[in-house]
Every structure is written in C-alpha cells, then in structure tokens.
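Here's the structure, in structure tokens; my notes come after.
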Amino acid sequence: MSKEKLVEIKNLKQHFKTGRHSVVKAVDGLNFDIYKGETFGLVGESGCGKSTTGRTIIRLYDATDGEVLYNGENVHGKKSRDQLKKFNREMQMIFQDPYASLNPRMKVEDIIAEGMDIHGLSKDSNARKERVHELLETVGLNKEHANRYPHEFSGGQRQRIGIARALAVDPSFIIADEPISALDVSIQAQVVNLLKKLQNENGLTYLFIAHDLSMVKYISDRIGVMYFGKMVELADAEELYKHPIHPYTQSLLSAIPLPDPDYERSRERFTYDPSQHDTSEEPEFREVRPGHFVLCTTKEFEQYQREHGTGR
Amino acid sequence: GGSDESSDSADSGDSSDTEGSSEASGEQVLSLMDTADIPTMDASLATDAVAFQWLGSTTDGLYRLGENGQPEPGVAKEHEVSEDGLTWTFTLREDAVWSNGDPVTANDFVYAWQRAVNPDTGSEYGPYMMGGVIANATAVADGEVPPEELGVKAVDDYTFEVTLEKPIPYFESMTTFGTFLPMNEKFVEDKGEQYALESENLLSNGPFVMTEWSHGEGWKLEKNEDYWDAENVQLEEINVKVVKETATGVNLYDTGEVDRVNLTSEFVDQYRTSDEFSVKEEPTLFYLKMNQESDMLSNVKARQAVQMVIDRQSMIDVILNNGSVPAGGDVPGNFAKHPETEEDFREINGELVETNVEEAKKLWNEAKEEEGMDSVELEYLGGDTETALEMDAYLKDQLEQLEGLTVKVTSVPFKERIERDKNMEYDFQNAGWGPDYIDPNTFLNMWVTDGGNNHTGYSSEAYDGMIEKANNELAQEPVERFETFLEAEKLLIQEDAVLAPLYQRAQAQLWKPYVKGVMAQPMGPDYTYKYAYIEGK
Amino acid sequence: MTRYIIQRLIYLVITMILIATLTFFLMKFLPGTPLSAADKLSEEQQQVVLEKYGLDDPVPIQYFNYMVNLVQGDLGISFQFDNREVSTIIMERIGPSMQLGVQAMVIGVILGMLLGLVSAIYHNGFMDYTSTFLAVLGQSIPSFVFAGLLQFYIGVKFGWFPVALWEGWEYTVLPTASLAIFPIAIAARFMRTEMLEVMGSDYIVTARAKGVNKVGVVFKHGLRNALIPLITVLGPLAISLMTGSLVIENIFAVPGIGEQFVKAINVNDYPIIMGTTLLLSFMFIIIILVIDLLYGVIDPRIRLAEGE
Amino acid sequence: MEKLLEVKDLHVSFDTYGGEVKAVRGVNFDLNKGETLAIVGESGSGKSVTTKALMQLIPMPPGRIKQGEILFEGRDLAKMSDKQMQKIRGKEISMIFQDPMTSLNPTMKVGNQIMEGLIKHQKMSKPQARKRVVELLELVGIADAENRMKQYPHQFSGGMRQRVVVAIALACNPKLLIADEPTTALDVTIQAQILELMKDIQKKTDSATIFITHDLGVVANVADRVAVMYAGKIVEVGTVDDIFYNPKHPYTWGLLGSMPSLDSEDEELYAIPGSPPDLLNPPKGDAFAARNEYAMKIDLEQEPPMFKVSDTHYAATWLLHENAPDIDPPAAVKKRMEGMAKTSGGSEGEQR
Amino acid sequence: MENHKPNKDLFVPVDTTDTESEKITRPSLSFWQDSFIRLRKNVGAMIGLAVLVILALLAIFGPYLNDYGVYEQDLSRSKMPPKVEGLGWLGMDGTLSDVQSAATLEQAESKALMRFNNQEDFIETEVVNDGTNGEPAQVRATYDVYAAKDIQENYWFGTDGLGRDQWTRTWMGTRVSLYIAFLAAAIDMLIGVAYGGISAYYGGRVDNVMQRIIEILVGIPNLVLVILMILILEPGILSITIALAIAGWIAMARIVRGQVLKLKNQEFVLASRTLGAKDSRILQRHLIPNVLGLIIINTMFSIPSAIFFEAFLSFIGLGLPTPMASLGTLINAGFQSLQIYPHILLFPAVVISLIMIAFNVLADGLRDAFDPKMRE
C-alpha cells in the first residue's frame, strides 16, 4: 500500500450554535491523514461527532476552524464554482439511512444520473441510460431497476443505489457514513462485500464511519476512535484490536457482542470512566507504539508505554 | 332629508285608532324594535330618523306634530306673526318643566338654537335647517358673527321671539322638528362632553323620560309624571330593542316579544292575509338621479327615454311589495294640499311620467343620433342593502332595454353614495328624499342651480326663477305660491326630465291589535306615542 | 418562562403598532367622512365638522396624533354616534361577544373532542361514521344558515328558547349553539385523526401491554398527546368564531362587537372600524400567546425547550 | 422442566389494500420457566407479530389471529377476551419495546408510568406504589430515583429511558417477559449495560424471557435457546450452542456467515443474496429457496417439514432429508464451528 | 415429525442465484400512482371527487341546459316554486302551499284563498283543523302557480325575486364560487409555497426576517385584513380574490417552511449537494416534489374556506356586485325568504354544502393517500 497522503485533516473543528449561549462542540480539533487506496475506519459511540466529521470534510458544513487538504489543496478555502465542481467529483459520500438518502419522488435512473447531469458527463440520453445500466450492474442490480422508484426496493438494494449514485461521477475518495448500520444483518454483508470489491477494482479510498467495531475492523486498514469530538486513539486495524490502549477503546471493544456464545459467556465488559484520566495537563496525541497514536498526557503516555511496550 | 332604503328607522306604525280618550286596559307597556341604535340624543347633533323619533318622544318643542300631521301646542301655547311675516313671537306655557324640576323657559330655546348653529357644536342639521330661515343663521354657522347675533330672543321667561330672514309660511311646522327642540343650558353645560351620551345625562320635558339606554341593545322610556299634559299620556313604558334582521324581527313578533315589525317584500306575501297587516304611507320619494354632465344623459331626450323605459308598477308590486306607489313627480302624494281647494298636490299635477317602452326607445335613438353616439356604458350608483340590490338589478335590466346602453352597477353604502353624489361621480343614482317640513318647497328647492343637494348639473333659469318667486314675492300668497310649485314640478320632470321618479315609499308592517292610538307622522319623528295605549292584550 | 413571555409581549406591542399603522393608512385610502348630512352643508360648515374630528390636519400629523392617543387608550370618536368615544362604544359591546365566544369555544371544543374520541374509539364503526358525517356536515353548512334554522325551529316553532335578544342566560343558548357548530365539527375531526394517530403509537402499545384498559388508554395516555395538535387549530377556531359572530350577532340581535363592526363597515365609521380591528387583533394575538403557553402546559417537552 | 408457554400452529394475517399479508404462517415453539428464548431473523420475518399476538396487541383490524393456540400455563390466550387479557398483560406477561424514544408517553411523568401497572395489578396504594417505583428505578440503575421519577421521559437519555421501560416491564414480577429488540436503538456500550441488567434481573426473579433481535451477537450473549425465523416461520430452533456451532439451515448459515468475527481474515464475507419474499404472495415450497445457493428442485415445490437434528435441535430444510446430497456449510460458518470445537469440544454440546 | 417420502429426483440442486433474488415483486408504481390507487379505494373520497366533477360540469354546462339567461328577468314570474317533471314527490311540483288559521273555518278558508290572490281555479284547499276542538281553524291552500300563470316550461329550481331562473343562476353562482376558490387557492399556493420554501431553504437571517413578518401577519386576524382590503378595493371578484390571497397563504407558508426545514437536511438533499447541485436544482427536483402532497392537501382545505369566506362576505354586504351571482350572494338573497320561499335559499345552500363536503372528504382521502405511514 502506497503511503501517499490523499486527505489531510488538520485541527478540524466544527461547533454548532444551539442556543444563544450554548455551543455544541461536535468536532473539536481533529488531526489525521488518509492515504491513497486505504480504508480509514472511524468509530465511536452515537453522537461523538463522526457524521459531523465526514460532512465537514465534504463541505456540507463550513468548518469552524482547521483545514482539510485534498491532494494538498485546501478544500475549505473560498473556491470558484469550477474548482468546487471538480472537487465534488473527486469526493463523494454514501449515507447512513438508505430510506432517507434517496428522493422518494425520483426514479432510480434519475437519482443515479443526477451527478452526471450536474457535471455534464453524458453526451445524450442514450449514453446516460447506458452509464446508469452499467452502474446498476456494478452494484449488483440490473437495468430493469432503472425505471423504478426507491420505495420499491429493500434497504440493501437502496444502499446499493446510493453507492451507484456516488460512483457515477468517478470519485476517488468516498466517505461512507455508517452505510450498513441501518441494514439488516443479512444485507450488511452484501454491501460490505460490494464496497470491498469496488475498492479492489477502482482503487478507491474510503473513510468508513461506523460504531460497530467488528465490521469496521473487517473492512478498515486503519481505525480512528472518537470520543466527544476528539480522536482518542488511532492505529492499524489489527493493532488496535489486539492492543487497545486508551480505556475508552477498551470499553468499546469489550461492549461489542460477538456471535459466539462461548466468547460471550466468558466476556468481561469494561466501563469507561472519563474521570479516570490525569487532568494535570491538556492531553496530546502521541505515538505509543509505531503507527499507534493515543490521546494522553505525558504521565499517561509513560504509563501506556510501560504497559504496552514498543513493538513486539 | 336624504333617504335610503335602509337608513331610515324601522319604526313606523298604524294610526288606525287615534281617539286618545279611549279607555286603556292591561299593562301599558309598548314593545318596539329599531334596526339601529340611537346615534345621539343631542338635538343639535341629531341627523337621522331614529334620533328624531326618540327626541320627539321625550322632548316637546314649541309645537309638536299632532293628528294628521298638523302642529299642535307644545311648550308654546300660541304665537303671533308680525305683518311682514318676519317676526314670530311665541308665548310659552308656564307649567312646562324639565325632568329635573327646572321650568322650561324662553332661554332654553335661545340657548338650543344658538347652540345648533354655533360652529363649535359641529351640528350638521343646525345650519341646514336654520340657514336662510332664521336671521343671521348662515353667518353664525360660517363663523362670521357670534352665535348671540342669531335672530332669537327671550323677551321674558315665557316669551320667545324669533326673527326670520324672509317670510316662511311653513315655519310653524318647522318648529316641531328635532333641531328646534329646547335645551336646559345649565344642565347641558354641566354635563359638557358627556351630555346626552347616556340616559343619566339626558333631560326631558316631553311625555316620556328615557330611563335606560343600553347601547346597541335597546332603551326604555317611561311616562314622565311631571309632563304638563301627563293626564293624556297613558303608556307607562316603551321598550325598544335593536334588531337588524327582518327575519329575526318577524320571529320576535310571532313569539310576542315585540308589538310591531316592519316587513320586507318576502314577508309581505306571508302576512298579507293577516289581520295585523297594515301599510304605512310615507311622504318619502325615490327617483333615479341623472348626471347631466355624463355622456348621453346631457341630452334631454335620453333622460326622457330613461323616465319612460322603467316599468315602475311591476317593480313596486314584486320587489318592494310593501304598498309603495309609483311616483308621479317630485312631490309625494298626501303631503301638500292646495290651500283653498284642499286638493292634493299630486292629484293636481297627476302622473308626470308614463311607462312607454316604444316611445322611450324612439327618444333614445333620437338622442343617440343627436349626440352622435352608438353605445354608451353608464355607471349606476346603488345601495348595498338587499332590497336595493334587487332593485338595482331590476333597473339595470330595465334600462338596458335602451339599445346601446350598458349599465354598470356599483353598490356602495349610503354614506359613500352621498360622497360620490357630492362629487357627481355617477351617471345614474338611485336616491330618495324625505321632507324636512311640510311644504312642497322641501322637495323642489333642491333642484335650483347650485342647490345644496342638486348635484345633477341641472341649471335652469326658468326653474330657478319660479322657486325664487315662490319663496319671496309669493311667501304671503299661499294659493299662487302653490300654483307656482305645480308649474315648477312640471318643468322639472316633464320638460327637463331631471329625474326619473320611481316610487313613493310605504312601509308594510305587522302591528299587534292591542296597540292603539299611535299616530304616524310625515316628518320628524315617525310616530307620536303620546296618545298611544294598550287595550285588550 | 417569564423571559419568553416578556419577549412575546414585546412582539405583541410591535405587532400592534404595525397593525395600527396599517389600518390607519388603509383607512386613509377610503372615501367617506364623519358627516352624515354632508348633502346639506356648505364647504365651510363641513370643514368645521371635520376639524372636530381632527381630519383637517395633514395625514402624517393625523397619524402622529392617532398613535399618541392610542397609547393613552383613546381611539377617537365615532362617526355615527356623535361625541361618543370609540373606546367606550367598543367596551360596551365586548361583553356579549366574549361571552358568546367563550361559551361557543368551550362547548365546541369539549363536545367536539368527545365526538372525536367516540369516533376514534369505535373506529370504522357505526358511531364513527355517524359522528364523522355530522362533523363534515357541521363544517360544510354556513353558520348563518344554521342560525336561521335554529331560530325558526327551536325558537319559533318549538319555543324552547328565546328567538333573539340579549336578556339573560337562556338568550345565549341559540347563538352559542349556532356559533359552536363549526368548532364542534373541527374539533371532532381533528380529535379523531389525532387520536387514531396517537393510538397507533408505541407508547400506547406499551400502555396496553401494561394491562391498562381501553378507556384508561384513551383518556390517560391518548388524550393529552392528541391534544397537542388540537391546540394548534384553536387559533383558527377562534377566528372562525369571530367570523361567525359577526353574522350570528346580527341574526340574534346580540349587542356585540361583531354586529357593530359590520354596521361600522356599512356606514364607513372608520374610528370604530379601526378600534375594532385593533381590539380583534389584540385579542387574537393574546389567544395565540395563550395557545403557545398552553402547548407548554400540555407538552412537557415544549415547556422545557422554551423555558431556557 | 415446567412448560410456561406453548405456541401451536400460530397464523397471523393482516388485511391490507394489497391483499392478505400472511405475517406469521404456522409458528410452533415452547418456553420453560426461567428460560430465555431468543427469536432471530431479519426484518419483517414476523418476530414482532408473533410476540404481539401472544399478548393480543396486534392492531385489529387490520390484523387477526387466523388460527393457532397460545397456551400460557395451560390457558389459551388466543381465545381470551380483551377484559381477560387486561389482567394478564403487565402482570403475568410484560413487554419491552424496541425504541426507548417512542415507547414512553412523552406527556406523563416517568414515575406515574411505572406506577400505573402496580396500582392496577398489585392493588397498591399510591404511597406504596411510589416506594416500589423508587426500588425499581434503583434496581435498573437509575440514581436519584426520588427526583427522577418526577421527570418526563425527554429529560432522560436514551439508555436511561430504556431502563425505565425495563422497570415498567418488571414492575409486577411477570412470569414471562417479552423483549422486542430492546437494544436496537442503542449504542453498543449502552446496549451492553442493558443486556447485563436484564440478565441480572432475570436471574433474580426467575422469569422466562423471549428475546427478539436480529443481532446474533446479542443472541449469543443472552439466549439459552434460539429460534430462527424466516418469512413468517420458524426455520430452525435449538440451544444456543446448537445454533451457533452446529447450524443446519442454510439461512442460519447465511446469518452467521455474514457477521465478521474480530479475528476473521480478509476474505469475503458470506452474504445471503437477494431479499426476503413478499408475504403478500409467499412462494410455493421453501420460502428461502430463492436465496438459497443449495436450493434443490424440491425446495421450489414443497415446504420442508421440521427435521429433528437432536432432542433440542430442529430445522426445516430439505437438506436434512435422507435423500439430500451432503452439503458442507460455507467456510465462514465452518470456521465458527471449529472455533467451538476448540473451546468446548463437541458440536452438539448440551446446554448446562 | 411426519415422515415425508418425496421423490428422490427432486433432491437435485437448482441454480437460483440471480434469477429470483433481485426480482421485484411489486408492480412498478410511481408515488403518485400509488397514492392514486389508495385514493381510488377510498369510497368517500371518490364520491367526493365525483360530486365535484359533476358540480363542475353543471357549473360549466348547467346554465345552457335550459333556455333562460342568467340576467333575464321577468317580474311576473318572480319567486316561482321549483318544478321538475317526475319529481313532484320531492316537493318540486310547482305549487306553493300555506296554512292559514282563523277563528272560524270560513274565515280560515277565505284567508287561505286570499293568500294566493283568490285565484280559486288554481287553489286547492284542505282543512287541517276544523276549529271545533277549541283551537283556531286551519286551512291549507295549495296553489298551482304554473297553471295560474299559464307557464308551460318548467323552472327546475324555481325563480328568484326578479323572476330569474334559479337553476341558471345557481350554476352561474357555482361557477363564480369555484372560480374564486380555485383562483384564491392558486395564488395562495404560489405565494405560500414560494414564501415558505425560500424562508426555510435559505434559513438563517433570511428565515429570521421572513418569519418575523409572518408572525406579525399572523397577529392580524385574516378576517379583518380581508375586510379592510375589500373596503379599499371595490367589492367584486377581483378584490375578493386578492383579499383572500393576501390573507390565505400564511398557513401554507408555515406548512411548507416546516416541511422544507425537515427535508433540507434529509440525506437525499445532502447527497445532491455533495454532487454539486445548485440551489435551484435542489428546490425544483428535490424539495418541491416532496412537499407537493402536503401542498395539495392544504389547498384542498383552503378551497372550501375561500368559498365560505365569499359567502360570509356576501352575507355582511361585501359580496359581488349585482346582478352577478355567487353562491354566497344567492344564499344571502334567499336567506330572507327562508320561511316562505325556501327554494330560493335551498338550492344554492345545498350546492355550497355539497362542495364543502366534497372537498373536505376529498382532502381527507388525499391525506390518507399521501400519508407515508399508509404506504405498504
């Protein structure tokens, strides 16, 4: 895997004003890079700011602070319409809710072709139709489906339509915001397999957001764990699973139920108590093991290094 | 004054039985209804029939209207007129008192009349009724001289002297009118702004005292025990309720809540056979006014065509259906009598217009030719009441029998119609007029050039001359004066076709049989309740 | 909460000022004067009368005076009732209208709710169809037609209640009934829809799973939640009562504000039109405010959200 | 063991615009005292309808119980009137619903919602009930119960609300607790807390539980026995180890295979293709046939009966028929079975 | 378990992949078709729709179905009772009848005759109460107006006070009322939708300002606003329409705003934005189509209120100028004759009630049809 940076997120902040005086710091100073061709998994409990991160990266929100560099270019500077359009083709998004993410009043063909229409990617209606059919086949549907309306599809099929829509503009980076958590178990695998297949075939880069660590671990190369708007731990998938360092990560891992009765019988759950942290100084993101970063104070850093050692 | 199908009081009555001496029995309470609240009980400010009705019932002027519309003594016992007809001296009775015990004196008249023309009062009828009648009235009203200069004087407490501008033969009947009622100076000044706004702020010297006045709901009058003629008053109480919908009124009448109701045409059919049904004639006249500055209507033939094309009888029978009669001219029937022969004005002059559609069409076509027009759209200014709307629709239909005439009906409230009338913003206008005193002059005077209510653009030297003569040279010559008026009317209606007379209004009503002795009046208060009583309830 | 109310009151004042301004200038467009016998007066004499009403000043000054007087509660004097203060005239009339309005509203909402509840409980049954039919009928027949029929049949034919006039409690029966029919219909239909919706929600199933019986479910769990949307229509209902009362008062000879308003419109009595407009607007805004506060009373979620 | 509940040949249908939706098409199962039965199966397979039918909570119309018996301690619930059911609901059987956000009445104080059942079924006085509410809230781990019970649901977080729902269900010490996806709407961490709480309480009160979910991880955590539903039928039933370590039905294979385990490698997940059948016109034969890569001709023609695998384990698939070819479960499933063999040493290991 | 002995041949694998798995079983129906199907199954709504269509057809063609003109007057034929051949049993037999009472039977009889102008040849009398039981005698007179006036042709709905054909006028009135309603609704829809849409979509300060304006407008009762507008503009179709449009769109604007606020953060809108769609595209393709259902429903509700309002305005004397007729003016005109010539009120009142009922039922049906919860 090449280690070429595709996206760099620097000190990204997204604060929402919810009242005259109250502010929700949904994302509060994120720093991480995504390499070309990899899948970066982002996990964390509900409401910790995962979706906000994704949406801010793709400019659905204007960042409160910080920058997002795509191929070295800041996405969040003021840009001309043309530059924005180019960017819109590069970066795409797959949404969480397959029911809410498709316009119920549009035919599948028009939904998929919308990006092509906006960017003028098809010469005529025939070419457009053909491309739509091609995309439908890519995601495992058939061309007969093009003339139908979303409500005629099951959740998994809908999610595949959403993927086809994102693919229509040939993006190289896709943010998948919990693309499977609204789906049935039996369907989840279909979508995950499809995403993997597309990555292999087209060399896509993913930011894969979820709260289900087992699925994320399966699909991701590297994983970031978020807690209350901050990244608390970042490591290779295997590494993170085998050596979770931050107590929150540990509790998260311990909470995931696995389809293995024996494991479950013997499972012990950790509860995370944020007050256990050392509050003497502002925590920082430090590399505890190679490629394995944890949010910690100096004191904690030393402790973690002691406990988990460097490399094995 | 100006009349509208709706703006008049709903109050009217039957005068079938007028012997005041008949024995009264049962509870002497009369229940009535009116379609509107009393706008004011301040005699200087009163302008409408409801106000004049109840002012008249509670206050005696110099004279009051009695049987057959003839003046009978009120506060004045008698009067003398000077040789030149300009100075009238009234001798007041000494037993007349206000309801607060004060005697009614000549000064009460002086005060009230001066107040009526005083510009500060803001009276509308004061300047109108007194201007040109009482010496200096117009000058006072215009603020040129102080009110004290008005030609009225209290010679002593019980002698009241009036100086007129010119001889007015009908002045006696004028003094019965609301604007000429006396006022107790001390009381009025005491109450200031509040005067006459509530029943507590009222004084009366007449047969009844207003004891309750719930605005918008109704009012109650009780017999005035201190009234100088109290022994002839039998009613103990009059209750009046404000009811706007005729249907509601009829329902109330049927359930015995009120003793009289005025009927609109729909109900006439239903009640015509009833013993309680009657028709009250009124000297109020309705006509189509034509703006002589409009296209076509400037042509006298066109106007004559309009006069002739309307089938008035059908309109009265079907739309009004209340006993109204077709109007033959500008002066109503049963209003003015020849001073010698006692013949009715209307009967002498007869029908000055006839319905003749053929002739009308001919005249209209001639007029079109003369005016060089082929078609014309004219605006018809109508009222906004139900009956008015129907009538307007009917007249539109009738008028459009004239080829090339399109009539556009605009329905506006009464006040707005008056406003437009003043600015002559109309082509046709359905208007009416009721008398302010009993003399043909009240109808004919307004059509003189620049007459206060002319607004038709009509200006005829001949006509002006006749009216002028009747009111000055002939003031003391009743017969010739009367005949001049007859001539004038012919000129006005027949030759110059200023108006298209429509009908003389009547009021269909139901009246409980046990109510007796109510007199209907041609002007001022619609009814005299002084002699009314209940019998056999 | 208090802060919220204060904020709303400030809005109220602003709204009232705007409404006053709007009506004032609208009135200036209209023809007509306080003169009732303009046909009989010379120009000068008319001028004198206009002066009395302050109508001879330039419009901006008139506006200024009007607003200044308004703040002091002075709405001017009526054109049709000489020398009478508009504020007094209106105050005299407000009582009966309020009484009718409140009675009709209370009866309308309570009866309507019951009807709606019955409908919802016996969903798709005979009772449901009957009450739905009645509701649609009540909503579809103009109130003045109802009023006329009630007056004739109940008042004249059967003599159960007084035909018209305003002399005591029994006199309010027919006008209240005529006025209440529309609110009954609206409330019934709304209640039905909402109740059905609420009855399908999860917490109702939870309540039933607890073993609460049908009546308990409907009244303890359903009603309050179904009321929230119903409250929303109370505002429009209040308007419909106002609309209704204009004609109902005429028909039943009730000395109310609506009847007077219609009269004022018919005779161009602008001070009364303006005064009544302001009053109606004021009452209406208050109603909306009360309704908004009611939301909070009924729905604790809103209470908290606005409390902050 | 004593049988608490026995469901026999239950059929439930809904009459809709489109026609009759046969949501439950002949379900049989039983439940012993103190036992936890998990019902799994994908969305729309009829899990909720089955359990709602037990309590007669199906909206009628459009729903109706077409046939079948629901024997609860020998009494047939299917034939009971609403009045009789009211005495059973909440007292002997209670229910926890999926969504803590919507299953509490937003306009009623939390305490009152818990109290309702107590007053109704336990005939407690208000002060007594209040005391019990405090106990219950503390039992489900809500601190400061005295004050909390006076608050409204929206003042609680999702996890706390779900605890309240649990408290309501537990209020009258029911003999049977039905939990319909009680944790689906929750975060994994909170889910784990609630699951632990429920297990704890069940242990304390010795009640039987029917636990509905489609998350096999949760099943592994809570269940003693598992019933797998597909298209309105139970297609496989067995102890938790039977189902996880020796699944026989291809649908169960699919379910198990589609979940990655934390140590699975990069290979493709085993996915069930297609989507579930339309219950308006259920297909002839085996409803799963269309998605079954091991489908045989007979699957398209005849419905498979329940084949016995062991005393505790049954599955409805023609693959268990003697004439059927031997077929290996997919690799992913096999691996799981092997994992099992590693730890507990036998694929048909008995439950406790 | 029952022992099955199926044929061995059946135990052969078949290839099911792809053939069946992605098949969609339901027919391909657009949202609108789907809604329409549901609507079609709603008997009430369909009856409502049918009634509306019939009424609209009658409004269009009704006036031409007989020979009378709208404005054609004939005072000699005023207030004719309705007469339809074959519908005599419904009271539409062209006769008027009335009960007169008096002390004696003779008096009552003569009064009964007098009631219809003593046209004895055409009056049939019938004794209701002969007066012997102490109560006044009562005689019912039935008067055959058509025969008396020698009128051959029938007036199906009778005539009004000016002898105009009520049938023709009722349908002309329906025309006007429907016109007013539809036009008002259309303007209301345009302004309301645009206002609400813009306010919600652009949000922030724009929304803030626009909402403050609405708040103030909400404070003025519609009724008052409308009356003021009508006072300024002359009464007439145009001013009623304008007045209704001024006051009526607020509800719509609020509904649309609420809806758009909800929709604009829906993921399908976000998706479109990530594809680089312009505002206009999002509004046209995504937002409006999704609010349309609600817009239609709300319009269905505002139509009857417009009709009602016109009737109400007519009743307080601010309706259409004569001789134009709307149902409102006809009802108002007929109201006075309610007791004696009920037919003048009856037909327009029935038509207006039918329209209201039809729209209400249809709106209810639409609400159900468009309700996503009802979607299967």
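In this document, chain identifiers A, B, C, D and E correspond to the written order of the chains, with residue numbering beginning at 1 in each.
Quick note on the criterion: contacts are C-beta pairs under 8 Å (C-beta built on N, C-alpha and C of every residue); 3 or more make two chains touch, one makes a residue touch a chain.
Each chain and its UniProt protein: A = ATP-binding cassette domain-containing protein; C = ABC transporter permease; D = ABC transporter ATP-binding protein; E = ABC transporter permease subunit.
None of the values given here were measured: they were computed from a predicted structure.
Common neighbours of chain B and chain C (ABC transporter permease) under the contact rule above are E.
Among the remaining chains, those touching chain A as well as chain D are E. Across the structure, the highest number of inter-chain C-beta contacts is found for B-C. Taking the mean of C-alpha positions as each chain's centre, the chain lying farthest from the centre of chain A is B. Note: centroid distance chain A to chain E, computed from Cα atoms, is 54 Å.
Between the CA-based centres of chain C (ABC transporter permease) and chain E the separation comes to 24 Å, rounded to the whole angstrom. Distance between chain centres (mean CA atoms), chain A to chain B: 91 Å. Remark: chain A and chain C (ABC transporter permease) have CA centroids separated by 55 Å (rounded to whole angstrom). Of all residues in chain B, those that touch two or more other chains are 247, 384, 413. Touching of two or more other chains is recorded for residues 273, 275 of chain D.
For chain E, the set of residues that touch two or more other chains comprises 22, 26, 317, 335, 338-339. Under the contact rule defined at the top, the touching pairs of chains are A-D, A-E, B-C, B-E, C-D, C-E, D-E. Residue ranges on chain E touching chain B, taken from their complex, read 71, 73, 75-76, 78-79, 98, 100, 111-112, 114-115, 161-163, 234-235, 317, 321-323, 332-333, 335-341. Against chain E, the residues of chain D that register as touching in their complex are 16-18, 273-275, 277-278, 280-281, 289-302, 305-308, 314, 318, 321, 323-325. Remark: chain C (ABC transporter permease) residues 11-12, 14-16, 18-19, 22-23, 26, 29-30, 136-137, 139-142, 144-145, 148-149, 152, 189, 193, 200, 236, 239, 242-243, 246-247, 250, 262, 265-266, 273, 277, 280-281, 284-285, 288 touch chain E in the complex.
Those residues of chain C (ABC transporter permease) lying in contact with chain D across their complex are 124, 200-203, 205-214, 220-221, 224-225, 228, 298-301, 304. For chain D in complex with chain C (ABC transporter permease), the touching residues are 52, 55, 57, 59, 61, 82-83, 85-91, 94-95, 97, 99, 102-108, 116-117, 120-121, 152, 154-155, 165, 168-169, 171.
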